[in-house]
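Can you keep this structure in mind? I'll have questions shortly.
In order of appearance the chains are A, B, C, D, E and F, and numbering begins at 1 in each one.
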């Protein structure tokens, strides 16, 4: 999912390349699953009076996808910015559980 | 979990057979975990005044299991019916993320 | 995660030793993920008026970690106690889905 | 741009196999989420051990609506993704 | 009927090993869901850093009740499953 | 006390590799939980297909707050863990 975390570094072994591709696909698939979960909860009322999507629900789903992508882009830009800052600062206080590598 | 998705097709390699059996067990185990999650939320109040299950809670759990199975059967019948229809129609509009093979 | 389930038994093969170490790390990591999920829901209001943690939120998080550990210790002691009882009784009624060794 | 472009034929076959197992798993997860969601939203009467007619109707409409929603979301997801790939090569997957 | 019936001895041993690892994982998941559920429902006071007596009591009853529920649900699950297997060979597992 | 102390060098290397893959997966999970949480709490207007200014602000503050919370929780987690290891050798990990 290159739009999320920037370009890839050179990857040597075959197992590593497969693992990286697999991780990329898994990321996309997770993102889609969360999108389905989130957007159906936001747009589909829990009463189920009709089996079809009505106009309002359909439009809501479409806009929900657009906003979900926009949020993903903003968040990933923010996190890349912070990662770059941290690397620049080289050895600040932080880290915690997610500071590694 | 053959009651959910109909009979198995011939499976050649050993790895595939093990993977299929593993998937079957995992499906049952997932179903049980969801049953526990769902039925305890439906039947057990979040106050925990007593450590034992009372009569009302016990009966509720029993009925919840019966209804959960009934829903599983209905949903899987419905989805098998639709899959059959789709195969008959051979190349309709649908698909989306879940239309594949 | 030895504080949860008592000492380890002798483990022969290399694959088993790696699997056990992996499971231990996974347990800790799961516990931390649940801690993050639970404590942020308990302590961080969903309005996000400010980007920083305020004093009240920080203190709440600290106490939440302490209580989460305390609950883990109490629950694991209780379950070890019951497991010991069951082994002593050797062949009581129980078991269900979670009775197995 | 994407890691997948750098795989050779053997590596692609291996990846393909894993993806098929993943698809099966994904389908099962989708199925059980669907059941759980619809059960949760539709079944609330535990004075009987059989589904009420209105509960069954609710579950069926819920499944329909959920499948249609997933399909629509899948289409939009792919469009958005293709659009991002065009604007500055930031697409997902290939 | 079930995929498992077609495995030979070596395949069953391999499956057995995987199932043992899975059981360990399942137990850990069950344990951490239990902790999370009971913590969530019982611990709501963050003016102190030690569990209150009433919180501890609530957690202990919650754990008891949850284990008893799981056991009961497990028994009913297996009964239902056996029953389905009889009615038209649609059982789960073997 | 811990299982990890008994691994030889080759076993530790293998474990190391698995842990790196796990770390990558954990990071991705953390990222997507973060997105889902902040989207859920901040985005509630579907009369337009672009983020409102106030929604974007909310998401950015939510991300910040969540990262700071995770960092703080990580520190406390490690302290508690170290403390338990001292009191009677019941620590997690090494």
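Following the convention adopted for this analysis, contacts are C-beta pairs under 8 Å (C-beta built on N, C-alpha and C of every residue); 3 or more make two chains touch, one makes a residue touch a chain.
Here is each chain with its UniProt name: A, B, C, D, E, F = Mitochondrial import inner membrane translocase subunit.
Just so it is clear, the structure is predicted and the values come from calculations on it, not from any experiment.
Participant: Going by the stated contact rule, which chains contact subunit D and subunit F alike?
Facilitator: A
Participant: By CA centroid distance, what chain is farthest from subunit E?
Facilitator: Looking at centroid distances, A is the chain farthest away.
Participant: Please identify the chain with the largest separation between its CA centroid and the CA centroid of subunit F.
Facilitator: Farthest chain from subunit F, going by C-alpha centroids: B.
Participant: As a quick test, compute the distance in whole Å between the mean CA positions of subunit B and subunit C.
Facilitator: Taking the average C-alpha coordinate of subunit B and of subunit C, the gap between them is 28 Å.
Participant: What's the distance between the Cα centroids of subunit A and subunit E, rounded to whole Å?
Facilitator: 30
Participant: So how far apart, in whole Å, are subunit D and subunit E when each is placed at the average of its C-alpha atoms?
Facilitator: So the centre of subunit D lies 25 Å away from the centre of subunit E.
Participant: Residues touching two or more other chains, restricted to subunit D: which are they?
Facilitator: Within subunit D, the residues that touch at least two other chains are 29-30, 38, 60, 70, 72-74, 77.
Participant: Any chance you could list the residues of subunit B touching two or more other chains?
Facilitator: 26, 31-32, 37, 43, 62, 66, 97
Participant: Could you spell out the chains in ring order, with the walk beginning at subunit C and its first step landing on subunit F?
Facilitator: C, F, A, D, B, E
Participant: Which positions of subunit F touch subunit C when the two form their complex?
Facilitator: Listed in rising order, the residues are 1-4, 6-7, 10-11, 14-15, 18-19, 22, 26, 29-30, 33, 37-38, 41-42, 58, 60-62, 64-66, 68-70, 72-74, 76-77, 80-81, 84, 89-93.
Participant: Touching subunit C in the complex: which residues of subunit E?
Facilitator: 21, 23-25, 27-32, 34-36, 38-40, 43-44, 46-51, 55-56, 59-60, 63, 67, 70-75, 77
Participant: Could you list, by residue number, the parts of subunit C that touch subunit F in their complex?
Facilitator: 1-3, 7-8, 11, 14, 17-18, 20-22, 24-29, 31-33, 35-37, 39-40, 43-44, 46, 48-53, 57-58, 61-62, 65-66, 69, 73
Participant: Please output the residues of subunit A touching subunit F within their complex, sorted ascending.
Facilitator: These residues of subunit A touch subunit F: 4, 19, 23, 26-27, 30-31, 34, 37-38, 41-43, 59-60, 62-64, 66-68, 70-72, 74-76, 78-79, 82, 94-101.
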